[in-house]
Amino acid sequence: MNIYATEKSQHYLAQVSTFINEKVLPIETELLNQNRKLNHNSDWTQWQLIPQIEALKEQAKASGLWNLFLPDATYGQGLTCVEYAPLAEEMGRSMLAPEIFNCNAPDTGNMEVLYHFGDEHQQSQWLTPLLNGEIRSVFAMTEPDVASSDATNMQATIIDDGDDVIINGRKWWSTGLGHPKSKVMIFMGLSHPDAPKHQRHSMVLVPMNTPGVNIKRMLTAYGDYDAPYGHGEMELINVRVPKSHVIMGLGKGFEIAQGRLGPGRIHHCMRAIGAAERALSLAIERGLSRTAFGQPIIQLGGNLERIAHARMAIDQARLLTLNAAWKVDNQGIKHAMTEISAIKVVVPNMLTQVVDMAIQLHGGAGMNHDSPLAGFATMARSLRLADGPDEVHTAMVSRLEMAKYK
Amino acid sequence: MNIYATEKSQHYLAQVSTFINEKVLPIETELLNQNRKLNHNSDWTQWQLIPQIEALKEQAKASGLWNLFLPDATYGQGLTCVEYAPLAEEMGRSMLAPEIFNCNAPDTGNMEVLYHFGDEHQQSQWLTPLLNGEIRSVFAMTEPDVASSDATNMQATIIDDGDDVIINGRKWWSTGLGHPKSKVMIFMGLSHPDAPKHQRHSMVLVPMNTPGVNIKRMLTAYGDYDAPYGHGEMELINVRVPKSHVIMGLGKGFEIAQGRLGPGRIHHCMRAIGAAERALSLAIERGLSRTAFGQPIIQLGGNLERIAHARMAIDQARLLTLNAAWKVDNQGIKHAMTEISAIKVVVPNMLTQVVDMAIQLHGGAGMNHDSPLAGFATMARSLRLADGPDEVHTAMVSRLEMAKYK
Amino acid sequence: MNIYATEKSQHYLAQVSTFINEKVLPIETELLNQNRKLNHNSDWTQWQLIPQIEALKEQAKASGLWNLFLPDATYGQGLTCVEYAPLAEEMGRSMLAPEIFNCNAPDTGNMEVLYHFGDEHQQSQWLTPLLNGEIRSVFAMTEPDVASSDATNMQATIIDDGDDVIINGRKWWSTGLGHPKSKVMIFMGLSHPDAPKHQRHSMVLVPMNTPGVNIKRMLTAYGDYDAPYGHGEMELINVRVPKSHVIMGLGKGFEIAQGRLGPGRIHHCMRAIGAAERALSLAIERGLSRTAFGQPIIQLGGNLERIAHARMAIDQARLLTLNAAWKVDNQGIKHAMTEISAIKVVVPNMLTQVVDMAIQLHGGAGMNHDSPLAGFATMARSLRLADGPDEVHTAMVSRLEMAKYK
Amino acid sequence: MNIYATEKSQHYLAQVSTFINEKVLPIETELLNQNRKLNHNSDWTQWQLIPQIEALKEQAKASGLWNLFLPDATYGQGLTCVEYAPLAEEMGRSMLAPEIFNCNAPDTGNMEVLYHFGDEHQQSQWLTPLLNGEIRSVFAMTEPDVASSDATNMQATIIDDGDDVIINGRKWWSTGLGHPKSKVMIFMGLSHPDAPKHQRHSMVLVPMNTPGVNIKRMLTAYGDYDAPYGHGEMELINVRVPKSHVIMGLGKGFEIAQGRLGPGRIHHCMRAIGAAERALSLAIERGLSRTAFGQPIIQLGGNLERIAHARMAIDQARLLTLNAAWKVDNQGIKHAMTEISAIKVVVPNMLTQVVDMAIQLHGGAGMNHDSPLAGFATMARSLRLADGPDEVHTAMVSRLEMAKYK
């Protein structure tokens, strides 16, 4: 019954923090620029990895700062949601950090799916190399032709065909699709159109090199490919995989999705809180270092009030997320539905506001890639849509509230 | 390290909740109407107490639901801030409840001052009857002639005169000034104009019947006197009291004020959160019971989104306040300055929004006194000014944030 | 094709402005206080008029500053909506001014109804004394038992009975009900329950002293009766009036209501804009005259930004309203539906924000009746519900917008 | 005294509108995609023009839809600000349209500077080819090393050296710097450091190919280069140009800037209003065409309220801008300072909100370049900083407001 960090958590936090401060932040801009230079174009087949990032991953792994997100004492470090939360926040301060600790989306969510719901064979084939950081993975859910805010709209098909399933359909905003190491995707589609609404869909593991998987293009988000990590569009035409690739059996798609979503939300919300703290910090530093009308600009107009409002919004968002984490840990996801929906609305909107304020204090320097702010802004914008738009989660909060009055 | 209710707290919470639900809410409207009928005019000398409320106080006292706010195991029940917080929230659901449990402002704050800083004589003379609910008290700080947002502006004088002090000055928004049982005030004024800024002021106990204490008028807040509890204006002309009435000695005003403010803030913020929960609940019930354009009005337009936003805002405000309480309990007020300022800004603004939404759903019925909403709205408005306007506390949050960058 | 004041309008504006500045504002506080002293209680039968206000009305009438709202060159001064708009704004600066120029609600709307839709007999009996300022009138539409946001919910009945109609039902928030000079009401009720939705209701002139008209109570808005002008609740039991009192014939209620609403909205919105200008002005004056932390408080934090935002919001709201007025004048109400709904949403919300800011700058002095701000705040709150809540008009704007896409 | 379109304006509006609807919008996505393919990289020396756009420019020119922004009957069509405003709005609906009519920034502003302040030689050398659309130009004001919100901070130097001036300094966010046809820039710098604050700076025409002009890089705005139109950074080292290139003489920089800013603001604000109308339209169309939870998504939650709020915000912003245009036309820029600052704050913020809402209704499709929304979002973000951040203009509005109280 405690939302504050435990000793164990603080131990890892100190290490993660030191690692980021000493090894990531000093070269962050250089790495990001190198990344953009290497991967500046829309032809994802040319995208490359940055060797320095790979080297940092090896160091993090060697230091035991690896897979901290996984609540398993063998594969990860056995941290609860509440214990991992401050680490996710710390990693969120830099766009590069989560990957370095093998704690990046969508791999974390995919690993959790495999960990909780995969069978032994699926785990050995895909979970192990993911945990080792040898490969990356894709989560394919959103479709271009339907309103994905209603997940039951999903219309890509997974047809039972003897020992195999046959997959057809288009997906987009599939994160990591163009990454050189992407080897497998978890694909969600319609297998039982006549079943009850939440038993119609299935999740299948599809190796990226399966015939019929056609990557069409990478997508910009506000002009940025975020290569090599960003999002893509693909079409699957008569893609055939063995039925053993289905996770938990056909028709279990929503059951798995439900289990995937709780910790995943908490992770990305905490990372967003870290990004907000970084943005606030950058805002203050900029505001103190630049002068206009005879004063540091932080002193002008309502700037200090905006700093205070950012502090209050961040602190509230963090407590809301930690409380959700505590509920997930102690009462289970089913008792944390309001909390898990609420953070999905509150945190990205808070990040949007804080980053916007920080950009405003930076002037033009806030809009290009000399600072991490434009990247955070795009991330915040995406987070208000990814995993369901604000409105869907707001509606969930009100539905749960209204249910108390029946 | 736990912001959730302890067993001890939950034990009292259940009792307080039952008491309010069974004994207060069913007659709340009747009592409030009776109150308004008895005390409808501006002549406070005619204001009267409602016997039923006095009777409920006796019952609460007999049940041990009395002075729960005081963290002393003898005088109160030895509850920490975190433990008392949910009780304050519960009491906040009804404007009448706090007094019934002897947990109403400004008496709670005054009792805390006497408990922590009063000497034995002051305690036996004033703390004991206050704890017994025999008398009520006034806190006199705000002045009509200066911007009280800067407390060092206070210019009423407390002059050292041998065995006595002599007090002169005008005060207003002195809560409880017209109450028939008001017997003493804690008066803050300037005693050492040349001392360092925070050692210039003193607090003195002044019996209400001391010659020279002239009550000028009661003040309406948005047209309401909130009789017999409301706020008044007075002038003190050459009021002489023995120096033994000075609390802690001359020049200690700000030191005492600082100690008074932490728990007091948490109490009124938790009460405001209770009021917000009540308003949300009334909004939903109203929205379900009225029909327009063929649907319950709760279903129309963005009403359900507003319900969700209210839920999310309340939950965040509560966690922020509980976290502040935890810090006060465990690290002391000096380490909770950001938190104590933040809740002062966040909670009343949240209450303002939630109540406004509830009124909007009630139509005209939300504006008159048929529901508690208009009362809550006025309370919310007052709370954004009382104990310092939003802007002062926002400035405090930014000042503390900026201090990290020096 | 001109939303700016004409010469004719500016001529009257100068006179109205001088009258208000010289004769109303200097004694405004005194009159309001006298009003509150005379009419402080809930017993409306004791409410009295202030002789000084009656005298000012005579002066205004003698100066030809009378019935300026009426676009008739004989009864009024033949001003268009656009021409009257700046006068309404000027009058809105003081709560007392509109009545002094015989331009107060609900009489203006009622006079317009009689002017446009009344027959000769109805006009000579009621319009003439209203135009002369000899009597006042009531508009009875809102009902306590249904969601009045959907006007078709109205369930008070007007039954055709030979030469008479018989009226039954409860109404509340009937403005001016307790005023000593209230002599007649326009009562809207259900006469043809089986007709098409907008032909079911009728409007009838009911003299206040008709047997069966039972005034139950006056209603507080945020604690204030706004005596003797405020709102009341009444029950009509078998009230019988001659059928000749029906306006335009039975079943024409909505047709009349539609005609009443355009200019009425523009009038009250312009008055609200005047109130906002006054509030902004008071905010600046207060902010310049009080000092905290070594500076005039207007210089602190984001106060100057709030001043600028108030200026920008007021200017936008004014232009929106003038544009609506121009459309009403030049294209007719039916082509100004978006505009007339939009101002109903925008202006009261703008006033709410500007007054709230001004109160915050006044501290406690903004909440009691020493300044007009608390009165403006209550007016703003009422205006967000009166004549339909914000949400109904927002829905109308979106409905008209969506209609473009069919 | 009329803010509505004249017949002359409506005549051009109809033509511009037809041109855009028939010739631009149908191929807009194709052109934008072609643009991104041709100009996808950061190496601006490789950037190319799209022949179809050049062809459309020829057609527009041939139709007399050319230089409509210029209030000169010979060079342009002699339209006033109020008359041009609706045309600018119409052009703003597509990111490609302004250039097609030779009405794009920064060329319009630069042409106005040359038109109003250039001497005959400067005009024949640069204004003529700009008016003909043969070349493009750059405006170089913002600097990376100082807070450009205070324009007097500008520290690039323009040194008087006999018949020449010598220029040194860094500039960034210089729009159009990488465009293949950019031939000249208007460069603003410090020439008289000891003069009164607003007489220290000068504007000089610098041909892009002058030795010492070093383009360093193009800048992304939220990841997008907006090639070939976007913004760049350059360093000028001992750049020498004849003194005849100085506009109006040394020390006149702020005088020219002042003259440049009024109409320029109105133009970009009207374009932003056109973008907002387009975004609103796209939002509604998307909301009607996609289904979730059994309904068109426009019907869900508060979506229709958001549509209404967008309509009300756009209409207010347009009226505010038209009123500013009217003041510029009729009373001169000096009497329109509040209005010109107000629109700079109000319009880009309105656009930000409307586009954000539209993106939210589009889901992922709102974030990539399949729709114009992401481009509008980036434009809106830039406009809150370009030509001074919101805060500077908000401060100007409050300064002018406060000046009334002296």
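Residue numbering begins at 1 within each chain, and the chains themselves are lettered A, B, C and D in the order written.
Everything that follows uses one rule, which is that contacts are C-beta pairs under 8 Å (C-beta built on N, C-alpha and C of every residue); 3 or more make two chains touch, one makes a residue touch a chain.
Predicted model, so just to flag it, every value in this text is computed and none were measured.
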| item | value |
| --- | --- |
| Touching chain B and also chain D, the following chains | A, C |
| More contacts between chains, A-B or A-C | A-B |
| Interface residue identity across copies chain B, chain C - same or different by half | same |
| Centroid distance [mean C-alpha coordinates] between chain B and chain A, Å | 44 |
| Distance between the centres, which are taken as Cα means, of chain C and chain B, whole angstrom | 36 |
| Computed distance of Cα centres, chain C from chain A, in Å | 53 |
| Residues within chain C bordering two or more other chains | 301-302, 304-305, 391, 394-395 |
| Chain C contact footprint on chain D (complex, rising order) | 1-4, 280, 284-285, 288, 298, 304-305, 307-309, 311-312, 315-317, 319-320, 323, 338-339, 342, 345-346, 391, 394-399, 401-402, 405 |
| Chain C partner contacts - residues on chain B that touch it in the complex | 36-37, 40-42, 142, 144, 146-150, 153, 172-173, 219-226, 231, 290-293, 297, 300-303, 359-360, 363-369, 374, 377-378, 381-382, 384-385, 389-391, 394-395 |
| Of chain D, residues touching chain B in the complex | 301-302, 304-306 |
